[in-house]
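Scrolling down, you'll hit the structures one after another.
Each of the next two complexes has subunit A plus one other chain: subunit B in the first, subunit C in the second.
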Partner chain A sequence: MRYRFAVRVGPYGFRVGSDWRAPVAALEHLYADYPKPRDGVANFTVRLEATRSWRRFVRPSVNIGGDWFLAEAAPLPLAHGLLAAEMGMNLQLALGGRRHLLLHASSVERDGRALLMTGESGAGKSTLSVLLAAAGWRFMGDEFALIDLDTGEVRAFPRPVSLKNAGVAAAEQAWPTATFGPWLRGTPKGDIRHMVPPSDDLARMDEPARPALLLFPRFGSPDEVRKVPRSEAFVRLTQASTNYTALGWRGFESLVRLVKAVPALAVDYPDGASGVAAVERLWSAL
Partner chain B sequence: MYRAEPLSSLLIEPLDELTAVYHRASGITHLLGQPAPELLHALQEPATADDLLARLGREFDLADAHRDALLARLDELVTAGLVRTA
Partner chain C sequence: MKAAHLLVRALREPQSVADLDASGWQDLIGVARAEQLVGTLAQRLDGLTLPDAVRAILADATVTTEQGRVAALWEAEMVRRALAPVGCPVVLLKGTAFVAAGLAAGRGRSVGDTDILVPRAALPDVERALLAAGWEWVKPDPYDDAYYRRWMHELPPLIHRERDRIVDVHHTILPLTARIRPDANALIADAVPLGNGLSVLSPADMICHAAAHLFADGDLSGGLRNLWDIHCLLDEEFGTDGLEQRAARHGLRSAVLRAARLAYDLFGTPIPGGWRVRDGLDPLFRRRLLARDGWGRGARRATRFGFYVRSHAIRMPPAMLARHLWTKWRRG
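== the complex of A and B ==
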């Protein structure tokens, strides 16, 4: 392809090919502090292709291609090319990743122990992970938590944080010095801006952490904490995993080990500061 | 006669009041309440419903081991593919 980009995030290497320069330039900006794939070999390929050859120039429209793709995915305008690249990378890992149990969850670490936060879009798991990172936690990822099938440890996957709508202002306030990507306005997911994780945390991306606490946060409700039974946590995590079924019995064993090893709590919180306070309180009570 | 899938093809993990069961042959995960896990163990040797009722009554001292309830649970396990009829 005309323009190329390669990066390693945690254990996985990606290469992105694009018909246009702009998405690759945006990736180079966001991923400036990231390593390149080990030995130059990428695990996954993403292709950003013109829907028709002439659509490279006229109302350019980006199709997301790769080893794995969703047939019903609609192409995005070139202005959202960075989002297309990020979605493409997520998709390749979500559908193709077999070395870890993939949980749609954010994770942060303190003292070698990981806090996992999972929930539906809008639950605030990305924003909460950024606010916790600003409070001294190590940011491990806001999109996927990778559970090592052999050790049960959490591997970091610290992609640039995908902040939406009100989460952007909260992150800008918490990290005024952070590097942000361009505003992507009016995307199918709302107004989006990416934030580069702290460079210290990127430098530690290969350090695993032992899971210690599993939270199901929910933004915008009065403070409330509820204990989640193991069986409920198990079911919710099968739904939060993109490759549980594909992994077969290894996925089952990994998930059982996780829900037996860590307490699970549902945490409602009205705003970011309350969320951070709730996490600190629950963490110190472990 | 009823016969459960062999234990070698099942991963059985009690979580709380529910037990997670992974069935290797189908790749399906089941979440079972009592007495389904007990039935899977009891039916490693094929048995009729009457045999099973008598056996469970002895082993587990089941107060509600009524035939209809037992048949309903067995039907569920048959539908789930964890128990076969012969």
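== the complex of A and C ==
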């Protein structure tokens, strides 16, 4: 394709081909500190293509294609080309990843042990992971937690953090020195800005961690902690996984092992500071 | 070398991948994925010395097709249970048949929908039994529904509401509007029982069906995989004995011979010397089969468009086609 970009995030390499220069330029800026795919061969392909050849120039509109795609996915305007690339990369891993159980979760690490946070969009798992990283935890990822099917360990997938609306201000305050991508305003997901994870954490992206605690955080409610039974954690994680069904028996085994190995807690928190405090308190009580 | 040629070469002579550089590998994997042959490629390259990244990618592909095989066999069993009370023969077709019968064509093959063949007279009972067992219409539409029932070789697709898997119920192997009319009774009468209440087509009929699917129906998209199926059936399973006569009975002689010639040309399939004649159209089919670039995109737009037009022209007579397209266009 006309413009190309390749990057490795944790165990997975991606290549992005684009009909336009702009999305590739944005990716090069955001992923400047990341390694290239192993052996020069990417696991997944993303294509950013004009919906019609003349739409490369007139009201340019980006179709997200690749090894895997959703027929019903609507094209995005070129101004949101970076978002299209990010969505395309997420989609490839979500539908194509088979080496790990993929959980829609953020993860941070301390002393070789990982904290997993999962929840619906808006629960604050991205923001909380950034705030914890600012408080000294290693940032492992805000989108997918990768559970190794053989070892049960968590593998880091530290993509640039996709921050939405109010989360952007919180992250800018916590990490004033961080590199941010351009503002993407008025996207289908609201106003978005990407933040590059700390370079120390990127340098350690190949270090796995043993899962130690599973949290279901919920932002905006008074402080409260509730124990989540294994059965409930199991069911909620099947829903939070993008490839649980596709992995068959191995996915089941891996998820059972996870919920047996780590305690699960639902944590309500009114604001970022009390969220971080609650996590620190629960972590030290382990 | 062009990406699609890389794939053909790697399937035909696995050792040939030794000379690939990173971009060659990337193209090969890209085109193999797009042609749904990456699981097959993984099987073919198994045991060779490969770059670590490539080995990991192919291992993932194997996990995918292996789970696909398990799911396909389970789905076939679900169909068997649902249709057992009907008491009619149920013949598995295409990918499900290859994996259920343990054929070489099923090794590493991705299997999507469950395709079955039943006697036309049994269709109403089969339909009722499947609906009662949890399948439902994919997208109910009165025109499409009427069109399928009157002119197609299959019921409108049914999807299972819990397992999210599609079953295509055929009563023959080509649309009723096509000029060629295969002998559906013979297909069912000569089917080979698997011993579990399900059957697969006889060897020659399996090849006839694959060739019909490739050249007498559709626009050849995904055709490389169909041709690889045919190669495996001819080369590793059944050979060509009696095939020409059987194909002639179904009106598929020319499709089967073309499939054999192209399989010989691309994959080196052994075929009788008398079949290796020159055919003016073969290069065009070959060109269409290889219309894919290393990014997985369709290449050769004009060729693809030509075959798209052809797929409609061979499917139905012109006046009927005009009416059909007009109706579809008006409905958007």
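To be clear about the criterion, the second predicted complex is superposed on the first by the 286 of 286 C-alpha atoms of A that agree within 3 Å, B and C clash if a C-alpha of one lies under 4 Å from a C-alpha of the other, contacts with A are read in each partner's own complex, and residues count from 1 in each chain.
Everything that follows uses one rule, which is that contacts are C-beta pairs under 8 Å (C-beta built on N, C-alpha and C of every residue); 3 or more make two chains touch, one makes a residue touch a chain.
Just so we're clear, the structure is a prediction, and the values are computed from it rather than from any experiment.
By the touch criterion defined above, A:Ala74 lies against neither subunit B nor subunit C after alignment on the C-alpha atoms of chain A.
Contact with subunit B, but none with subunit C, is seen for A:Glu253 once the two complexes are overlaid on the shared chain.
By the touch criterion defined above, A:Val235 reaches subunit B but does not reach subunit C. More residues of subunit A lie in touch with C than with the remaining chain of the pair subunit B and subunit C. When the two structures are aligned on the shared chain, A:Val225 is found in touch with neither subunit B nor subunit C. When both complexes are overlaid on chain A, the residue A:Ala42 reaches subunit C alone and has no touch with subunit B.
In the superposition on chain A, contact of A:Ala169 is made with neither subunit B nor subunit C.
Overlap of the subunit B and subunit C interfaces on subunit A comprises residues 248. Touching subunit B in their complex are the following residues of subunit A: 229-231, 234-235, 238, 245, 248-249, 252-253, 256, 259-260. On the subunit B side of its complex with subunit A, the touching residues are 11, 13, 15-18, 20, 22, 24, 27, 29, 31.
By the touch rule above, subunit C contacts subunit A in their complex via residues 21-23, 25-26, 29-30, 33-34, 51-54, 56-57, 59-60, 63-64, 67, 70-71, 295-297.
Those residues of subunit A that touch subunit C in the complex are listed here as 1, 13, 15, 17, 37-43, 45, 47, 49, 65-67, 96-99, 246-248, 250.
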